[in-house]
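Read through the structure below, which is laid out as structure tokens, and then see the notes.
Each chain carries a letter (A, B, C and D) given by its place in the written order, and its residues are counted from 1.
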Amino acid sequence: MSKGTVVLAYSGGLDTSCILVWLKEQGYDVIAFLANIGQDEDFDSARKKAENLGAKKVFIEDLRSEFVEHFILPAVQANAVYEDRYLLGTALARPCIARRLVQIAQKEQAEFISHGATGKGNDQIRFELTSYALYSDVKVSLVEKAKPCSAPTDLYLMTKNPDEAPNVPDVLEIEFKNGVPIKVTNVKAGSSKDKPLEMFMYLNEIGGKHGVGRIDIVENRFIGMKSRGIYETPGGTILLQAHLDIETFTMDKEVRRIKQGLGIKFSELVYNGFWYSPECDFLLHCINKSQENVEGKVQLSVYKGQVYILGRESPKSLYNEDLVSMDKQGDYDPCDASGFIRVNAVRYVRIKSRGVLYS
Amino acid sequence: MSKGTVVLAYSGGLDTSCILVWLKEQGYDVIAFLANIGQDEDFDSARKKAENLGAKKVFIEDLRSEFVEHFILPAVQANAVYEDRYLLGTALARPCIARRLVQIAQKEQAEFISHGATGKGNDQIRFELTSYALYSDVKVSLVEKAKPCSAPTDLYLMTKNPDEAPNVPDVLEIEFKNGVPIKVTNVKAGSSKDKPLEMFMYLNEIGGKHGVGRIDIVENRFIGMKSRGIYETPGGTILLQAHLDIETFTMDKEVRRIKQGLGIKFSELVYNGFWYSPECDFLLHCINKSQENVEGKVQLSVYKGQVYILGRESPKSLYNEDLVSMDKQGDYDPCDASGFIRVNAVRYVRIKSRGVLYS
Amino acid sequence: MSKGTVVLAYSGGLDTSCILVWLKEQGYDVIAFLANIGQDEDFDSARKKAENLGAKKVFIEDLRSEFVEHFILPAVQANAVYEDRYLLGTALARPCIARRLVQIAQKEQAEFISHGATGKGNDQIRFELTSYALYSDVKVSLVEKAKPCSAPTDLYLMTKNPDEAPNVPDVLEIEFKNGVPIKVTNVKAGSSKDKPLEMFMYLNEIGGKHGVGRIDIVENRFIGMKSRGIYETPGGTILLQAHLDIETFTMDKEVRRIKQGLGIKFSELVYNGFWYSPECDFLLHCINKSQENVEGKVQLSVYKGQVYILGRESPKSLYNEDLVSMDKQGDYDPCDASGFIRVNAVRYVRIKSRGVLYS
Amino acid sequence: MSKGTVVLAYSGGLDTSCILVWLKEQGYDVIAFLANIGQDEDFDSARKKAENLGAKKVFIEDLRSEFVEHFILPAVQANAVYEDRYLLGTALARPCIARRLVQIAQKEQAEFISHGATGKGNDQIRFELTSYALYSDVKVSLVEKAKPCSAPTDLYLMTKNPDEAPNVPDVLEIEFKNGVPIKVTNVKAGSSKDKPLEMFMYLNEIGGKHGVGRIDIVENRFIGMKSRGIYETPGGTILLQAHLDIETFTMDKEVRRIKQGLGIKFSELVYNGFWYSPECDFLLHCINKSQENVEGKVQLSVYKGQVYILGRESPKSLYNEDLVSMDKQGDYDPCDASGFIRVNAVRYVRIKSRGVLYS
């Protein structure tokens, strides 16, 4: 007599395999779901493993394009960085996976979901908040006891050590429209990509080859603990630098100030697991609106762990060479600047007399 | 054989009386603590009631001065208002009471505390967060089951209905220093108060008499529910209006902008129960710093539910009558304003040509 | 030989009449433009006066509907209040008038505009920034010298003194959709209005009759001076209170937090004259987006200078009576609150040992 | 007959030399002031040049220690970065120089100051706002006409091209107290510095040797133009990375959120020339307060244009290895996380029924 059906976010690894077995032992039917979001995994053998362990069904799905298009690109528009340093890779992947998990649970009429994320980390929160947001009646099958296995250390898998990176830079040109990349060209090789997933994989490849995007940080988890994170985000780091550049080139400065604040808020929300929340919806809309004129091309070189901006061009540029030139006067009257400054200094003049204001 | 000692935040009412009995039945020694923060209560009969119900000890303490001086006055400096409307009366009282509760628990070597606040409201959070902040090992004795009693409706106890209020206003002069009131004078009566508790009680009396400070709102609780609140804050409303006025009169406008944002954040934290948190400490410090020059006198009339500012004066005023006058030129050159405006409009001139910037 | 054509923002009063004459004397052709935005003015005699003073053409236009629909209603959505108190009436009117002024200048091929606003105030900035934004080549004809006339004091024209207001309240029901009023009903009289201008005029009438919306404040001008302002905004005050109420009732709390910050920024921009700026466009878009679910009805009474909210209802309400009730348990598990609180307190536990984190 | 005395911010270059001559020709007595803030300059020959051109007096002063201690270190505490990328080197130097310029003007009873900064740039504003703030009656002698010379291009003077940088990293340990560096140690060499100026010069040397801190950006000037900036900030870049790390390790996360916003505001103010403003004073005070516990040591390697954090330790760390460990349970109850998540999801449950709330 089954206790019901659980859809388990299965990784193919030891932890979630233990959970699968334990759930079966407790009397649940288990459906294993394994998402391909670009990790290095033998999906066929993972399928067999899950089947051998007793999974009733196994779903393995390639979510890579969806991940890039619907999660990474909006984060690029937002210049999303948590606590000034973390580019949120995992935090962006969780709602993508959890959304599909929930869809499968609904389709398969499963009332439970389960996952291998620990009770102390952010990923549990990200999985479960997404699940409650999209399937409010779902129950989460917690499997703390069945988790004897130690947490795997994050390792650098994609990026070379910068001191082993090539001595010759790659030069890329990234073209943006609406704040998202639409074409990545290797200037020397002359080759280019223009599909989101291909572009992103290519940037990961180039960034990885040059050791770009490694960080070793302490971060503040949502639950208030500090934890150490070692991350690598080669493609994301290149995109962040290029997007920052084209955005500043094309966006009004006061719009940018407001949008910068929205981007910081967005990053906190994503980190904390609120991708599918009303406020994140609202911010995504506003940030997307801010990107209307963010288009053009950025040239950059990638070398020994660094991204160097070489130049930018845009049909929507707000840069006005004549206006900004020190040599040309144009319409700009220098006396205006003096007036501007003096008016800005009006506040500095304090009066000595006593202020009295009555009707 | 006792299970241990609980200090209970006792109100004298039915709910916490039920809890007291239930805790005794469960095998705890119960110490009842009843704080006087200005509520209408017969403290002697509350003491007898608690003793009759089996409290091992009963502490009744007058926290009114402490409440006004250490909780209300900083909120006045902050212009603390939650969601644009709620003046946070209860939210300010909870950490004041909980702090003393914890001190008693520590002195009496009690390892438990308990309270009558429901599991759905803000007050549970405010009590418990304060307790954990000040006494990290304390355990909270939850008493959901023993709570058969329905929640009492909030009623207007202090304020008259405005349409029953006097037809003649009272005119007050409130003097501030460092952003807190130091003297309240009834201009017609010629009487004045200068001790924090007395001033606040007097403002409650005058505000109450004129029906000031009633609100009927929907608010967002910390736990994400919306709830209806009916509140009256007569003295707080008068102080808020007076403080806003003297602050704007004496504070630099850009400092005010920054401080306004800090005050909004502070209000959210207080509402959510984080008075004793590192961030609230930090904000209290910053807000207090901003008040250095907030001094002077505000005259206002209180009438039929409203507070009308009549005038203000200050030795630290930044108001400069000569400078602001439309009739006098003084040092201010009108051409400066034209320059100021034209420079502010530089951003509006968009170029048509294509921007290209490469090294 | 004419020096060119000036379109003058003409008020019908002494100041702008002096300016008209002076501009003619300087050799300009003068087109007088007088906008009706609801002020108390004899427009026919103003037309004759301008013609007699030598205006080549006189345009008198009723901008009231445009003012209400395109300027006041977005400010209602934003809860726009400058420095916590000023409802921005004049600040909203200036870009409305200046836009039409510029359209006339462009149609009439005038290269100059002029106005009677002083070099020390906000209105000069608001007029001129709008003009530069919409007609970047326009020249402003400054007329400081011709201004011998003293600035008229602002007086209460619309509102009764609260102590002369009726002893019986009016009860209104305001229905909102997308955050703007779509119907105003006088509950006792049974009459209602549903066109923006009519609704707004009616709210001004009712608010004025009851003395609502008078303020006497000190404010910070854009140019850094403090100045005193005496304003009355009867209809705006009623709308602000009603909108705040229905918004809090229907909007997610975290969206509200973000939107509150955007509204404060919007208010500063409007006050400073940046209505027609990229950042104000952006904020108007975002704020409008936030209002999608702000719909429903608010009942309120207007009495002796005050607006009292009596109740609200909405098909989009996020208020859940069962969930919030203290008597019903529903799906909400009180243990969850304990866990929520304990996790929020994790940060409070400081360790004593020395933290070391190296790779 | 002299028109008065001008103190000129003299650089030793062609521009300010032209200005010196022109001011003399106009009938002013000129005092040349040349500040040493670390630039590469032959100060003796600059003195002779100024004297030969007719300067009445020449002041050459070493402001390097003052610049580092009073301007750079507070910016380090703030993590000051303008528009996400620019580390504000020049923007920090201007108020330091202008303050001394004004002191000299006051001592020498000069009523004028002058400088070579163009009317289109930020430096004019920074010079003049500082001057008005500290010497409100000063007059600025504008010298637009005398400026025939083209603006010199910014070049990389301090930093090597990363591809010419050494193939072996330097490993540094930077010790902080109150958020400022108090000791810089070269781990391999075993040498260390502990005086602010020496530390900063050493970090510039090491950073420069490894090509750290070069940027090529487009930035938004205060006056609304976009301009291209090519900067190098080797020492500042190392300090920023190290400070970010030790700050996140030791500061409460919610304090950090608030402080991050203050730092962004501070950076804008400094960029725009408002160092000596009430709001910048206020922010400096608040940011300094936030740094009380920011102490400890950061190890990092500097290599090929990059700074890699290797580890950190602190007596004030909030990092708790036992608490954060996935293997140890400690006091942390995983059920609390479930409750925390479910309470965070309460907002997601929307009701279908119509909300009505009347008294």
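What we mean here is this: contacts are C-beta pairs under 8 Å (C-beta built on N, C-alpha and C of every residue); 3 or more make two chains touch, one makes a residue touch a chain.
This is a predicted model, so every value here is computed, not measured.
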Count the touching C-beta pairs: is A-C or C-D ahead? C-D
Taking each chain's mean CA coordinate, chain A and chain D are separated, in whole Å, by 29
Measuring centre to centre with CA averages, how many angstrom lie between chain C and chain D? 39
Of all the residues in chain B, which ones touch at least 2 other chains? 216, 218, 223-225, 228, 249, 252-254, 257, 261, 277-278, 310-312, 317-320, 323, 332, 335, 337-338, 340, 342-347, 349, 357, 359
Which category does the touching pattern between chains fall into here: line, ring, star, complete, or other? complete
Residues on chain B engaged by chain C in the complex (per definition of touch): 79, 83-85, 118-121, 124-125, 128-129, 132-133, 136, 140, 142, 144, 150-151, 162-163, 167, 169, 214-221, 223-228, 244-245, 248-249, 253, 256-257, 260-261, 264, 268, 277-278, 303-306, 308-312, 317-320, 323-324, 326-327, 332, 334-335, 337-338, 340-342, 344-345, 347-349
Interface with chain B, chain A side, in the complex: residues 249, 252-254, 296, 299, 310-315, 317-323, 331-333, 335-340, 342-344, 346-347, 349-351, 354-359
Complex contacts: residues of chain A adjacent to chain C: 216, 218, 223-225, 228, 230, 252, 254-255, 257-259, 261-262, 265, 274, 277-279, 282-283, 285-286, 289-290, 343-347, 357, 359
